[in-house]
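Would you mind keeping the following structure in view while I ask a few things?
For clarity, chains are labelled A, B, C, D and E in written order, and residue numbers in each chain start from 1.
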Amino acid sequence: MFELIAEQLLNGLQYGILLFLIAAGLTLIFGVMDFINLSHGSMFMMGAYFSILAQKLTGNFLVAVLLAGAGVFALGMLIEVLLARRLYARSHLDQVLVTYGLILLANESVSTIWGSVPLYSGLPEILSGHITLPLGIPYPAYRLVVIGAGFTIAIALFLLIQRTRIGMLVRAGATHRTMVSVMGVNIGFLFAAVFALGALLAGLAGALAGPLLSVQPGMGETVLILSFVVVVIGGLGSIKGAFLAAIIVGLLDTMGRAFLRDLLSSIFSPSVASDTGPALASMLVYILMALVLFFRPEGLIPMQKRA
Amino acid sequence: MSFIRTYGNILTLALAVAIGPIVAITMNDPYLLSTFERILIIAVAAASLNMILGFGGMVSFGHAVFLGVGAYATGLMANAGLTSLLVQLPVVIVASAFIALFIGAIALRTTGIYFIMITLALAQIFYYIAVSSSSFGGDDGMVIYERTTLGGFYDPFDNYQFYGFVAAVAVVLILSINHLVGSEFGQRLVACRENPARAEALGLNTFGIRLTAFVIAGVFCGLAGFLLANQSEFATPGYANWQRSGELLAIVILGGVGARSGPVLGAFVFIWLEHALSGWTTHWAAIFGPLLILSVLFFRGGLASIGTYLGNLRGERAR
Amino acid sequence: MLKLENVTASYGAVQVLFGVSLTLEKGSVTTLLGKNGMGKSTTVRTIFGLTDAIGGSITFEGESLIHQKTHKIAQRGIALVPEGRQVFPTLDVIENLVATSRYRGAARRRAAVDEILNLFPRLAERRTSFSGLLSGGEQQMLAIGRALMTDPKLLILDEATEGLAPNIRREIWAALKRLKSEGMTILVIDKSLKPLCRIGDQHSILVKGKTAWTGLSAELEDPSSEARQLLAL
Amino acid sequence: MSSALILDGISKSFGGIHALSKVSFTLKTGGIHALIGPNGAGKTTLVSTISGALTPDTGTVRLGERLLNGLSVHERSRLGLSRTYQLTSLFSNITVRENLALSLAARETPGLTFGQMARRHSAKRFAHQIDQALEDFGLQEKADANPAVLSHGDRRRLELAMAIITEPKVLLLDEPLAGLSSADAETLVHLIETRLRGDVPILLIEHDMEAVFNLADDITVLVNGEVLKSGTPDEVRASSEVQAAYLSEDDDF
Amino acid sequence: QDQDPVKVGFVLSLSGPGAVIGLDMQRGAELAIEELGGTIGGRAAEFIFEDDQRKPDVGKQAAERLVQSEKVDVVVGASFSNVMMAIHRPVTRAKTLLLSPNPAPAPLAGEDCSPYYFAVPFQNDQPAEAIGIHLNNIGVKTAFILAPNYQAGRDLLAGFKRHFKGELVGEIYTPLEQTDFSAELTEIRSANPEAVFIFYPGGLGIQFVKQYSQAGLKDSIPLHSAFTVGGATLEAIGEDGLGVTSGSQWAYDLPNEANKAFVAAYRAKYNGIPSEFAAQAYDTIRLIDSAAKAVGGKVEDTDAMAAAIKSANFESVRGSFSFNRNNHPIHNMYLLVVKKNDAGELVASADSLIVKDMPDAYVDACPMGK
């Protein structure tokens, strides 16, 4: 039993970190720049597809992941220059509609180019096996790599946003864009770069998640809402918050799926439990979000307090 | 000119109602009515969203939940043999009001982006209740075997008669919404959006006004759900998911936020385009997506503002 | 140093500036006066390219600023303390100072921050507060500090002391005086005539988007002068 | 003279910052009471605790006999408490006239009003009062313009007009003169002097000392959230503490 | 003759997450149509494909349009059971023939059976029932079963439980959109069953089987399935699928002539191994054609057509089969095992016969023809 719980905790942690990877780019574009980017999920999907393409071309997983990131970076830059920069000053609603249009376009392009059959992103031999952890828990090696990557990106991003002037400038530009350029900063370039960086992170996440999730058109939407949830629960613009929230959501979701049914069946009849258990498990994350926003409307670690 | 300004939205609505039968009769294909039925139904839902969004500034990303509530309430009753309009309407109204009150009371404690997200979260909770409750048919949804009856007054399975029923209800609902946003209440709702602190300081109970608007909008959308259930003879969790809420937002924005003719125009163009394009190619989204993008970039006030260019054929805008 | 000649500008179809001319000598303090809505802020916006000049010329150190990007104009050494403060509300006090600073090197920047905090001790007490939560006066000090952090050659203050308490106003005037003595060129917009007369070398009055009067402090101090007429009701 | 507004022991802190500590004073009926103090002293915070926008940590607020603690902003407003904002706060997409009408209507029928006719005629219903206010505040020519296009001075006047048109029992003015040119400022001071003095007790926050000493019957000086001095203008002017903490001539540099 | 062309309407999942299966079915159907030279029963024919996006409401609209606007003679659809539940009634109520090329949900085999509705490939439960029987045969005592939580998932697990005699140590329904199974895999490991049975069609199956292998479970607990490893998914699953078994009425290497011809033609046209879904759609078109021929091209005579379909007078790629009283098949169930064929391709190959001439479990509940 103890091992079961330990292993499920590890699963939850790993899922949480994966969520953070996906949400990381969103904390930049949505949390810091204050741009509602529904097509973030599409960037994630493009990352997965680009990585498969690059694997075919180069045969090397690591190179493929990096190439995928670079590809999505370029795509992000393109979208920023063509669309996003016209929308910063507009309402959130306009951003919603435009990026919703992008989702449609992205899904359709992907299924036209690669077909709608799910593709599988391969793994190098050494990562496709499992490793035996303390307590004798066998754990897929690749999932451990994902955990490592998540931590690394979390730290790098935290330093970038909280400890460099770039982070400050982006936060400043999100509220007073003209003022930043009046102070002599090329805000247009800065925003394009950060937007593309957000896309890059989404792309990397997609490339890394490819082997864990099904690579198919529309794969972005299932994670999109969860990444928004993570960013909002964490507190807009807070990397620490997003990381914390992602882990909590990951653990909650996994533990809910794993134990809620058994827990309920010790109280209710098994049929009630097997009916409500999974239902409640899928709701847990949203219940959490509603509770957090109710009691701490600015998220767990609020970064932005508006005047 | 001022006639069109004042009555433009009524004109738009009249055209939207008339075009269905005209097309169906000319093409001699009554089935075509069903697309126009859906346009009117979604227009009701969009108008209710436009009321809280365009006038009250409340960006609800969970509005479709009321479509679901209305549809499931109707479906459960219909399949239990309660098909009379006189039974169904009150139940749908009470059910959606109740849930709107619950969601609104919680969500309205927040504003801005947090409001968007909390409405999404609460709507998802109801979505998952529908998905996982086996008595509602779970993920698969629920087939509805009987349409609402009016005491034998009309044949709900006759295409033209049913269209008449849908159109009549939709027109009443949309006109009621237009009346509301034009009333003093509507103006106060706008005041609460424009400057909540000042409105409160003037003595307006901003929370109360917003919550009232939210509940009213929920009820109207619930009634749209009632129509939708009848029209499609089906209730699915898909009616209540976030994509559907996003679609409603898209329709409102496309039509023109805060324009009274906006929801009808938006629903018409959105659904008709989707219908026409998907009949033409399975890759319709590749055309539809860019069209949405272009419309935001170039028609800043939505479809309703195109009228301005074409001789002011639009309703009064509240913004 | 900065020269505006017959500048005209409009917001969309509404023309607001009808011929503004100004000449700022290096190391001097120039004031821009005028009643509400006469185009003072618009003049400043036009210098920064935020409002497009439709006619006339603007040159800084001999080079034209017209049709230049805003950030390029700023990079030449012009800094602004804008009307309404416009501090970055989601950044704390220190971050506001550091974010757009043009001092290179952490040590140099830290020294500059210390100087500003010396100038406005009130800010030192609030150093980790989000600037959106500061009182109006505190925000004004921060906006001035932020402008100074770009090491400007020309400092422009729009409504330099709006909403400030008398003692702070005095400190700000003193600070400007010190900056002037260090050789900075300053353009200041404000409504309190007395201190403006003391600190300013040269004054211009805008009436309905036109430079209506330019002269020296002595003339402005005379209550019966033409200048006073232009500023009164 | 009886008391219109009584504050007793108000404290408020934000995190570690003590914005107000045990502030007490009384606003007499019919008088103008100025509240002055350095930037960040807590003046706006105090106004917000009176209006109900902030809840004080300790202390009570009374309007005449009535205890206001626990009432919401709109409830207090209906009891006759009106305020203006330090930064102008108007409804910028409806006309000046409609701004005033909204102000009156909100006070008259606080409940939900769904009638269409009501709106059409609300402007007419209140026409007399509104015309009077427009005239008093010199806004006749701007009646049908939206505040968004008004000059700063006009907007400050409208801000004030909206606060007093409902004939409040107490008026809280947060820096009404800020940003006004001297000419505009003079007009507004004159307006307060002639139109308001005596009718309604006023709590006036202002950094313009000329105006304060011209208008105020009583002055309270707030420094670091504490009352440093309360008294008549002459007493305050004479206080060396006040001189040091706050007052000092503009050109004394 | 100047007859109108025969109209056949399709409702398939051609976009969205269900398209993996829907598009495969479209390919199978198009192959059959091509072989028939675009005719049905010797008459010129028109084929209309509608996309249901795997959404019941969309499918229902599509079906109604086909029936009411296009006035088709036969509707072929859907790809998934939830859509089938939604289109079944409007089509049969209009007395139009409805042939399922894939889903056959339990209610439609029992109480809600209809003379106008035919499930061509199977009844949903059957492949799972077969695996249950197979596990009994090989002496498995404990099993863990999983499926997505929707009509077909519930049908299949019910089918498995109907015959399996051992102990169920776990039964999990996952949300339809869930693709990461780490928590479930941990539960499986902890329950340590002798066998695992899954129904994860399309992309879900790719993920489950890969993750099962990555977690190191594949070597210790054999994996059994239905509709999970096959032509549509094996390429993506790769070597991790080796050894996984399925229950099915069809395999690409069933040795009958019709099948050989089908597989060869499919390979020639699409350059790949057909999936069971393609085979089923292929069968469905050929069944319609055979019936149309039997009624002399008078497809408008619905009752005659229904009778002709019921006699199932054609060479099915699955070998012999016939329709039961409830218009559901009686046919053989085979055990398929994933292995590498001689050409080195990964295939689900027929290994042995599990049940001969198997009827479905619901026929008794169907009032039709009693």
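A few comments on the model shown:
Methods note: contacts are C-beta pairs under 8 Å (C-beta built on N, C-alpha and C of every residue); 3 or more make two chains touch, one makes a residue touch a chain.
These numbers were taken from a predicted model, which means no experiment stands behind them.
Counted by C-beta pairs in contact, the busier of B-E and A-E is A-E. If you average the Cα atoms of chain A and of chain B, the two centres end up 31 Å apart.
One inter-chain figure worth recording: chain A and chain D are separated by 48 Å, centre to centre, where each centre is the mean of the chain's CA atoms. Averaged Cα coordinates give chain D a centre that lies 76 Å from the centre of chain E.
Centroids built from CA atoms put chain C at 44 Å from chain A.
In chain D, no residue reaches two or more other chains under the touch definition. For chain B, the set of residues touching two or more other chains reads 131-132, 285. Among the residues of chain C, those in touch with two or more other chains are 133.
Touching pairs of chains, sorted by label, consist of A-B, A-C, A-E, B-D, B-E, C-D. Those residues of chain A whose C-beta lies close enough to touch chain B in the complex are 36, 38, 83, 86-87, 92-94, 96-98, 100-105, 107-109, 112, 221, 225, 228-229, 232, 236, 275-276, 278-279, 282-283, 286-287, 289-290, 293-294, 297-298.
In the complex of the two chains, the chain C residues touching chain D come out as 34-37, 84, 122, 126, 129, 133-138, 140, 159, 162-171, 173-174, 177, 191-195, 198, 231-233. Taken together, the chain B residues at the contact with chain A in this complex read 53, 59, 106, 109-110, 113-114, 116-118, 120-122, 124-125, 128-129, 131-134, 242-243, 246, 249-250, 253-254, 257, 283, 285-286, 288-293, 295-297, 300.
Across the complex, chain E meets chain B through its residues 14-15, 51, 55-57, 60-61, 64-65, 68-69, 81-82, 85-86, 89-90, 149-151, 175-176. Residues 3-4, 7-8, 11-12, 14-15, 18, 111, 115-120, 122, 128-130, 138-140, 142-143, 211-214, 216-219, 222, 254, 257-258, 274, 278, 282 of chain A are the ones touching chain E in the complex.
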